[in-house]
Structures are given as structure tokens and as C-alpha cells.
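Here it is, the structure in full.
As written, the chain order gives the labels A, B and C, with residue 1 at the start of each chain.
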Amino acid sequence: MPFEPKEPQKEIKYEETRIYTDAELNSYTDEELKNFRIKHAIPALEELESGPWPSFVADAKQEALHRRKLADNRMLIERDVVEDMLGQLQDSFDDGETHWKHGGIVGVFGYGGGVIGRYSDQPEKYPSIAHFHTIRVNQPASKFYNTDFLRTICDLWEYRGSGLMNLHGSTGDLVLLGTTTEQLEPIFFELTHVLGQDIGGSGSNLRTPSCCIGKARCEFACYDTQDLCYELTKYYQDELHRPAFPYKFKIKFDGCPNGCVASIARSDMSFIGTWRDNIRIDQKAVKAYLSGDVEPNGGAHQGRDWGKFDIQKEVLELCPTRCMSLVDNELRIDNQECTRCMHCINVMPMAIKPGKDNGVSILLGSKAPILAGAQMATLIVPFMKAEPPYDNIKDFIEKVWEFWMEEGKNRERLGELMQRTGLPKFLATIGLPPAPQMVKTPRENPYILWQEKDVPGGWNRDINAYRSRHKR
Amino acid sequence: MALSLDRLGMYDPKDPLKDRLTDLGPRHFWQYFPLVIQNNYGRWIYHDMLEPGILVHVSETGDKVYTVRCGAARFMTVQHVREICDIADQYCEGYVRFTTRNNIEFLVDSLDKLEALKKDLASRKYVSGSYKFPIGGTGAGISNIVHTQGYIHCHTPATDASSMVKAVSDELFKYFQGMTLPAKVRVSMACCLNMCGAVHCSDIALLGNHRKPPIVDHQVIDKVCEIPLAVAACPVGAISPDKTPEGNKTVKIRKERCMFCGNCYTMCQALPLSDKEGDGVTILAGGKISNRISMPKFSKVVVPWLPNNFPRFPEVVETVKKILGVYASGANKYERLGDWAERIGWEKFFEKTGLEFTEHLIDDYRLAYDTWRTSTQFKYTAAAWDTSRIAAGIE
Amino acid sequence: MDELKKIIVEFAETNKKTKFYFKDIEKAVQKVNSDAKMRDIKKACTALINEGTLIYFSTGSSTMYGLKGRGITEDPIT
């Protein structure tokens, strides 16, 4: 086995952890659900119960009915939280405005993130959701679970929370939606003691890192995204829980340039798997594609008749650098010219594979629009090996953090700081030479900000010497 | 170890540090891999899509893993998660995973198990008739629409998320269950410009947008906010300190400067923006995050505002369908929506989709000039003739 | 450590504002003690949090520190 946890993992057996009996879990029939009405009128929401896509309203009603059936002593927050949440949602539709208020103080002791305070602004009408705080639970890398873990979370969350959750939040956490201030600490103790599980990031923290499925089930993964994600999440726990950054900081790990976790658009620091040797070609498999024995692109286009696979049109001419050719039915790639865009590999996965000498490209500074506009990540490190214990990567991360913590203004994301200071200064600070790979084109304006040290003789000149050559 | 039942469980409010465990981090991923994944970690050689929503990955060891991908509302209850667990226990040795786009994936290691699993999943419906586990979301189609909290749990939204996503997904269902588009189309939704869903590089992005500047709650602002933080929060310097007639500290807002980002409200709850008539939906198109063929690109605003017509947003749904329909009939195989729009030219995009091109679609924020056309290369559409007629009086 | 803690508390007690970004605290400490390192200042803040002297104040997107009892230090209880 390539990996073992570095420390013993608390074993979870649902039969030991469980709160509810099977009878309690299966307490209603479909017939009852069909006839079930919650205590508030929710006509607009009921319009969302039909249609083929899974209905969150129909699901929420399941939980509302389930809570009605539980005995009083089988839950620690109000029975009708789900019903009040739905009632308030209906009001929001009627009013065209949200009815949630933000709170800034609640959290678990000693942590500056992981809990988001939330309050209803209609506490008289919806008393059960007067407090309705969020807890972010740090998901396991690439979101594989077993049912012992999930069922335990479910029992914990139905007993001490609303039973409503997100799988998953935008950054990657498993999000528990809605509990009281009183239950925050008890839930944290259950998570850590029973589940061996910590909460995630919020605020000016390192946010919960996330990664693609990687080597677990993808032939394109150029490094162990899960291992690197897990290692860095563990290594930077202090940064994740105790905020000292100017603002949020997101790290995401994509195994290849296809970018399934969108790290290039959604993380301050984006790790994208790549290779520096040659693309591997299996000529026999190429012929299988040419003869039509194998569907191109893993069958991704089979819903429509696009005609017979045409390697010239579909691969060679779409290659952004035109570095491929077919000579006597043998596929050739000029690897020096390849930009590793993945297109040919995606179209012919059986025949064309990434190289074997793998690592990561590191890109920095992407973010959503708030405040200075959306940014995509800029290529800073063309290639770095990504192998345990990842000291090279940790050194790089810390250099970037040092720059950002030193120079960044409050609420300034890394990408905004890089824009404000300029890429040259940023590169000098982290000790990297400039490279044409970092820009799409060289600068278009000639306003070069020369430094005194760039110029022989410096900037202090003698006007009299000048005047000895030029009359006034 | 059992979950505790006491009201405060293992927590002692008199001594909050007692027995406190911290910095545990996430649980290790390895224990959640099914055996077939553990045995073939890093050894996969290729994959194939057997049909929409069904993947097979083949290992160099000869092992195969079959994946059934199901759509899901990312907002789900413990009862739904328990049902997911029942399925995972019955067919998948108790393992299940979720994708970045909130799909549920069930993995099995044989075709027999696959068939039984598929049949079971397709048969599970809510009492109201919608699927609990629709199979699809692979290849050249639409995957789950990633989205944000909306009115379900957020304090800054300009629209609701779950309802809009449900409405749009219902109408795009054939694209979720088919692989009939020229390439994958990633639809994303965020309820305000904060974009906790970071939709700015999606093929189609649905974005809540405010249109009225904040109202100042003069009575409480000094009590519930740190006024300097509120002033500093404004990216365009529209907020300045002020005094009420009674002499209390407050702020004033230069409304004509407001860019409706809501950052002030994030910092100060006495500056609400949301408004029934003001709030609505902006639609962006043509972004992507993949490096495939062309470089990643931002989505562009193609519809500045549509009303929040709860709960099914007919105007939003129609616009998305219109864009997708024209794209599906016009783009080449493998061509993403943004690449198609660039190839035919954005003027043709507006002509073909029939979407109105208004002044709101021309950038007038920072670096706006980057998006202006500095070339004589353009295509004639009705819009070009309208402008030319007005400019030069031609027929 | 104790010296850093003292400087931080004095700053948090006397400043016009009641909530501070970490950077504000760092600058304030370094004004008094120019040798103070960022990592040590963070450790001092963490210690003050654990003693209950400082509290975190979060907007959800960014986090500040405040002195318990000064400015907003309780969420609305309904």
C-alpha cells in the first residue's frame, strides 16, 4: 500500500457511536410524507417539489417529518427548526430579501474560524431558528467517505443540530447548517473525541485546502493530490485555525491541467500537476482509435453522431501548438513544442499519456471579484517536484506568506497585492528570476521603472558638468 | 466510543480547556477508499464512459472500477445522507464519494453490481416525483450546477440559490442525462458578487446582483458596527464618516459612486443593500478553467439583469436554454462555449442568441479598455447597421 | 512573551477602535518593541485568546481581534 496514515486513526463503528435506533430512523411511511404539511404555508416552495431534478424541498420535508416523530428527549435543539427554516425561506421569496443576520463572535474556544454565526431577523415568528450557526467540517481529501463516518455525523447533527447540511460547501468542507450557540462547543467535542475530526477554516485563515480525485481514480494525475493536500492541511493547522493573515488564503490541488477543482480560478495558491519529459504514446492504441475500435474522449461525445473519428481534424488541428503529426499511421509529438494542454490525452486516453517525470506548476493569486475584480492565477513556478515530505513546497508557501503578511494590507488577497506591488517586485522578494513563461506577452508600454542600480554612474549628476557641455 | 447524550456532552463550560482536542485536521483519506481503489491507487491506465453517468476506469492490474455518478442538491438532510449510506452499504461495501461539483459517486467493482445499483438508483424518487439520484453528469453534457447558500443560510444574497438551481436543472435535465453537447458545459451559480461559489470562469454563470445602494441605519450603526471598518470597506471610497443631527456617529454614502458589491454590508450590518425591486440575476457566459486547447478564461456578462421571479425564475431559465441551444447547434466538437463565441465573434453571439446588447455590457470599471475592440475586423449584424445608420445617416 | 502580551493588551485597551486586524496589532507591538517577530506576536495573541483576554471577531470572510468586554463582544441573544 502506498500510503498509511502517519498517526493512528480513531476507528469509528456506527454500531458503537449511534444515537438513534433503527426504529427511530425509519419512523415514517411514504404515505405519511405525501400527506405531510409543515406548520407554515409554503406555496412557492411546494412548486419546487416537482420536476426531475432532486428537490431540496421534498428532502427538507423528510427531515421535518422525521423530527416530528422523534421523542422530546431525542434532540437538543428545537423540533421544528426545519419547518421554521422553510417558513422563513418562503417569506424571503415573498419579500425578495434574505432574513438572515450575521454574527461575529460565536465560535469554538481558541479557534478564529470554522464557525459562522447566523441569526434570523424574524425570531418571534421563527423562534426555532433564532440562532442558526454554521459549522464547517474539514472534509477528507477528495471527499471519499465510509458510512460509519457519515451515519455518525448524521446522528450527531440531528441530535445537536438541525439535520440540514451541505455536501459540500464551495471551498470543500462538509457544512453543517444550523445550531444554537449553546451546542457549538459540545459539537466540537463530539467531533474531535468521537470522530477524530477537526473543523475547517473561515475568516482570515488558511481555508480548508481541497484536491481533485487524483491517483485514487484518474489516470491523468501527475502527483498525489490527496497526500499533498492532507500533508499540508495537517502541517498548517495553526494557520487554519488561528487567523493572522491579511485575509483568506485558499490552496487547491489539481492533478493535471484539466483542473477539476478549478484551482487556477479559485485559489490563492494553485498546484497543477504536470510533467517535464515526453508524452507517452502507445502506437498500437493509436491505431485502435484510427480504426474506430475505440471511442474518442472516453466516449464523452457518444450522445450525438459526430461522424467517424478524424484524428487530423479532432486532434492534430486542435493542438494549440500544432506539434503533432501522423506519419505512416504513426503519431509523432514534438515534445519541445508541447504546452501540455491535455487535449490529445483527453481525446485518446488509451494511446496518449502524460510523461512519467512529474511535478507541479505553481500559480498564484486567483480570486472572485471582491474587491478589485476577479483574477486568475499567474504562473510563477513552471515546475517543482511534489514528493514527500514536500519540504520544497513548504519552503515556497512560507516565502509567499511572509511576503503577503509583510506587505499585504488588511483584506487584500495575494493576487491583489501582486498587482499592487507589481510582478517584478514580488519575484525579487521571493527570490525568483523573471521568465517569459510568467507573462502572456512582454509589456506593451515603455514605462520601465528603472532603479538607480540599473544605470551606470547612478542618478546623482552634476549640473555644472552638464552645463560645461550645454549652454543654458 | 458512543456519541454522548448529555446536553453539553464532554464540554465543561467552567473549564473550556479541559480535555479539549485541537488541530486534529481532517481524517486521513486512505481509510475511505474501497479496496479496488486502494489496490489500484496510481495504477489506472484509461477510462471510458459506458453511458451518461457511468464511468469505467481500468487499471494496469486488470482491475476495473465502475462509477455511477448521480446529481444531488448540495443542500441535503441527514435523512437523505442516511439513504445514501443505505445504498453504499448495500452495493459499495460502505463507501461513497462526492465530487467537486456536488455529485454523488457510487463505486462498484463488477458489471453485475453495476446493473443492480443503476436499477435501484433510478427507482428512488421523492414522494413528489423528482429523482433522488438521477444518473448523469459526465462527458459532453451538463454536470451538477455548483452554487451558494442563498436565502437558505446567507446574510448577503441578492437572489436565492437552491431554488434557481432546481429550476434551471429541471429544464436542462436532458443535457445532464445525455452527452449531446459539443463539449462539457459548466453552469455555476452564486448569490452575490462575493461569489463564495467563484463562478467567474464558468461556461454559464448565474449571479445575484444588487442594484440599490445601501440604506444607512443611523440609529444603530454606531452600536452594531465598527464605523472605520465600514468606511474602509468601500472599494470606490463612497462611504465617509458623518454625524446625525443628534450628534451620533454615522456614515454618509455617495450613492452615485456605488458599485453594489455589498462589501460594506459584509463589514457592517447597519448598511443593508437587499431590495425586492433592486435585486436580480446577472448572466455571464464563456468562461472556463481547463487549460485544454485554449487558456482558461473569464466569463463575460451577457445579460446585465433579470428579475428574481421566485421560485422558478422563468426569465433566467429561458435565457440559459436559449444560449445552450444556439451553442449546441453551432459549436464544433470539443469547442467550449467561450471558444465558440470567440470564433464566431461576440457580435454574432448576440445576433444568434437574440440577447440584447446594452451599455451595461461594455466594461467601464478598471482595465475596461482591455475589452474594447481596436480593430476593423468585425462582422456585420443588425447592431452594426443600427449604429452606422445613426452615425452616418446611411439607409 | 509576557512583555508582548502586555503591549497587546495596552494597545487593545486604549485604541480608538475596538477590533483589530492582526496586522494592526503587529504594527502596534513593533512600534514599542521593534525586535518583536511576527510569529512571536501571533503566539502572544493566541495565549491571550486562550486566557480569555482577547476574543476573535469574524465577518465570516475576515477575522479581527478584540478585547473581551470592549466594543461588540457578545452576539445578539434572542
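The rule is short, and it goes like this: a residue touches a chain if its C-beta (ideal position, glycine included) is under 8 Å from a C-beta of that chain, and two chains touch if they have at least 3 such contacts.
It should be emphasised that the depicted structure is a prediction, and the values quoted were computed from it without experimental measurement.
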| item | value |
| --- | --- |
| Which of A-B and A-C has more C-beta pairs touching across its chains | A-B |
| Taking each chain's C-alpha mean as its centre, the one farthest from chain C | B |
| Euclidean distance of C-alpha centroids - chain B vs chain C, Å | 36 |
| Rounded Å distance, chain A centre to chain B centre (Cα mean) | 13 |
| Chain A and chain C: spacing of chain centres that average the CA atoms, whole Å | 30 |
| For chain A, residues contacting two or more additional chains | 101-102, 109-111, 410-411 |
| Per-residue multi-chain contacts in chain C, two or more chains | 50, 59-61, 72 |
| Multi-chain contact residues (two or more partners), chain B | 17, 194, 266 |
| Residues on chain B engaged by chain C in the complex (per definition of touch) | 17, 194, 224, 226, 228-229, 266-267 |
| Residue numbers on chain C that touch chain B, as the complex places them | 17-19, 50, 59-61, 71-72 |
| Residues of chain A defined as touching chain C within the complex | 101-107, 109-113, 116-117, 119, 123, 127, 130-131, 181, 202-205, 242-248, 405-406, 408-411 |
| For the chain C and chain A complex, residues of the former touching the latter | 21-24, 38, 42, 45-46, 49-50, 55-63, 72-78 |
